[in-house]
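Below are two complexes that have chain A in common, paired first with chain B and then with chain C.
Moving on, here comes the complex of A and B:
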């Protein structure tokens, strides 16, 4: 159908999307620290080689091997909400509806999850700051533990208004904002879209988000249609993201050792 | 004096204002005094206080840089040595108490408020604790909850919840083995209280709201109620402060024996501005001496003597004891009251627990807290107002 053709086209665009990831100097934002020193001239070409090498292959970090369709099915990722809760913009991602329960199309989820994990891996490889966001009280502790294990950051608490948009005043001048925000649930506790999605879009920060059948996927850069309510599904997502980030960071260390750089650059 | 205005800079150049030996006064003083006449240097077109006023409230508490505090510490150390030399003491072993004494000697101050007096302390005690910079050279923050805004508080809540989960897992393991028992191993806290909000803020070095504090206490209480929570006792005790055990028991004065083998006890009592001290001897004669005088002479009024006798009459030991009393301050009634309290306290050591409880219930052991209320301005006395005149 037209939907399938669109997704296949998206797959084809994956190369160019990966190419847009290669912004110079590690993808820092205009609001970030001026204290970051530019890399030394003699190591410059080596750093460039390290940064450009992953972009040559479509799945350099082999994230497609981390999960299979059966894993997604066993973790109940395909279960959506009831027909009445369905969001209009999620209709392309739904496989169908059985006894009033929406079923999410796992083929599309596979592709989207692959894109999202690949993007996360590239960001982690280049030393970007990744922020895990979820406002579900059931999984708050799990998300924070996942972030701690990866060496990245988490925010599962009340989102203060100016966290991203008023960062220089809230944290101090010269703060570095996250380079990627991963939403393990895009809704907040009153079933409205999380403020972080809109703020990240305002601050040009790419987002990866698990969108359930009652969520709005429009502002999320890499939506991953899937269940965000079942503990099994959320544990699966946390495990996958943790594995990709660790894999990417280890790969980066390996590359630096391989090319003989003494101190790792960001 | 650096001027940013172009016209000002030109004027200064014309009149040699940038020379190191130049002075402003040459430009502002009169010609006949040897200067260059009145040359208006800074020309501000619009001077309004509204433009110059800074919003001091929005700036928040003053922030001190690390270098500034380090400089203060160095100056303090050097100043300490100077002070020691001035006072003729050994600079190496000059303690904080010596510093306080020297400052009190060199700068005697009669100010009532102790905090307004001159003080010399280590800068760590004067400047409030501040957060160092939260991120490294590459911009990555050190703490994984940095982007929440309240990293210490939320990391504390995270750890606390982790401990609760651990206890629950432990309980599940025991249940699987069949060794679970409901009323086992709750944490014993002793006389202690939770940290107050201010103390918690000091501990975390960040401000928290009352709502956050209440949630923290609720979560702690939840953990305390769970069985098998004694594994986390050390963690919980970090957030509790010990209370001094306030016992409801009356302090009984010890029973001593003098050279003749006579048992006696001493007690003190106070009422209004009188202080009294009584030695109760178990002689059997019933003599009473106050400040060296006989009690009939010291207290001519019957009411005062009745006050004195009441504890002995209540216990039925009127003729048994000898009283040797000293009393000072106040008037006749307050001295009598002070003596009565002292006698009751001294009697406790000769009596049983039940009798002591009876005395307490009679009100003999309660010190009377009433003191003279001060006179207020605009009134004639403490409560009496001036006569109200309708017109």
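Moving on, here comes the complex of A and C:
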């Protein structure tokens, strides 16, 4: 009973915007009087209902409507590198090779992109911190403005070694790490895998990454096989992620208003 | 012969129409009222109907060719990049999207852009102007000694032929 109140309290602290702090001491006092309910049951129940409702449907945020095969094709997402640059582990995601140029299978990309956007939406709905990472200098400004437009964070500069793994020492104790890292390009400037992918896997942080035909998709939680070099493709990804995150956050505000958790602000 | 092959393959994918409909399009042959029409006659009738359908749908909203029914394979096969064939010495039209002193960054619809030197007299080439290019390579890659994968320059290579005809004396404002 006390443990349940404690976990409820932690959940409430982490996710609820109304900052309900159910003190564990309250549970202890009521242990001997089972007929008396623990404090603030309604806020916790409503929060749990808000958090569990999106999990009932496979595509609660309808992210599949945001893009179509034609959009991906027109943004040149299917174009891969040359055959000699191909990574062995990307072969399942390739449709074929035409005159030495790899073509990425857009049918698979559609499925993977839908999964990735759905996951991003759920994370944003639950108030998670999302970090956009890309080491491509060509798209650094675009990624940073995308992050700013959806109220999340971006890191497009040199990645210091202990950024995630040594965060408590580098940034002070009790630092909150991102809940999701989105890689618009999984390679750094010397065509090696970005350090952030390995570090996120070490710290149990899920990653979404756009993997081109020369990238290693193994450590990425939600790989999205696609072109990461053409400006049109990267603009498409940024637009899709921004729309998903904004949609999820708006939905969360709507649900809270619906259940009367927060006062409506005009 | 090619028409017959196309007609036969069309039969495999299309739904068979009713025999009543097929018989109505027959003008000269007065065959028996019962019994399915088969062979070349059936195929001919079916193609007539399909042609009439495409004509009527072309007059109406054009959703058949560019709608969501096209698969990725069909889109790819009909795309200009595939229809072009080998990139060596192919003449394409590109668009300048960035100018850095004498270097023009030109995007022609491939994965990468190409960088060309501005020719001597062409000062009218601004960001947004369209040019003609002769492609040499869609992506500059090479395998060096001791490497397991190719090293790529993330650029295409093309020779600038000049501005698109008819726009030489126009400037974009």
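As a convention for this text, the second predicted complex is superposed on the first by the 220 of 266 C-alpha atoms of A that agree within 3 Å, B and C clash if a C-alpha of one lies under 4 Å from a C-alpha of the other, contacts with A are read in each partner's own complex, and residues count from 1 in each chain.
Here is the rule we use: contacts are C-beta pairs under 8 Å (C-beta built on N, C-alpha and C of every residue); 3 or more make two chains touch, one makes a residue touch a chain.
Predicted model, so just to flag it, every value in this text is computed and none were measured.
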A:165 touches, of chain B and chain C: first, second, both or neither? neither
First, second, both or neither for A:98, with chain B first and chain C second: second
Touched partner set for A:188, first chain B, second chain C, both or neither: neither
Partner chain(s) touched by A:47 [first = chain B, second = chain C, both, neither]: neither
First (chain B), second (chain C), both or neither touched by A:81: second
Partner chain in contact with A:176 - chain B first, chain C second, else both or neither: first
Touched partner set for A:246, first chain B, second chain C, both or neither: neither
Common ground on chain A, meaning residues reached by chain C in one complex and by chain B in the other: none
Residues of chain A that touch chain C when the two form their complex: 68-70, 73, 76, 78-82, 84-87, 95, 98-99, 101, 103, 105-107, 191, 214, 227, 229-230
Touching residues on chain A, where the partner in the complex is chain B: 28, 32-33, 35-37, 127, 129, 131, 141, 144-145, 147-148, 151-155, 157, 160, 163, 170-172, 175-176, 178, 266
Touching residues on chain C, where the partner in the complex is chain A: 66, 68, 70-72, 75-76, 79, 81-82, 85-87, 109-112, 138-139, 141, 143, 149-152, 154
Complex contacts: residues of chain B adjacent to chain A: 133-135, 137-141, 144-150, 154, 158, 161-162, 165
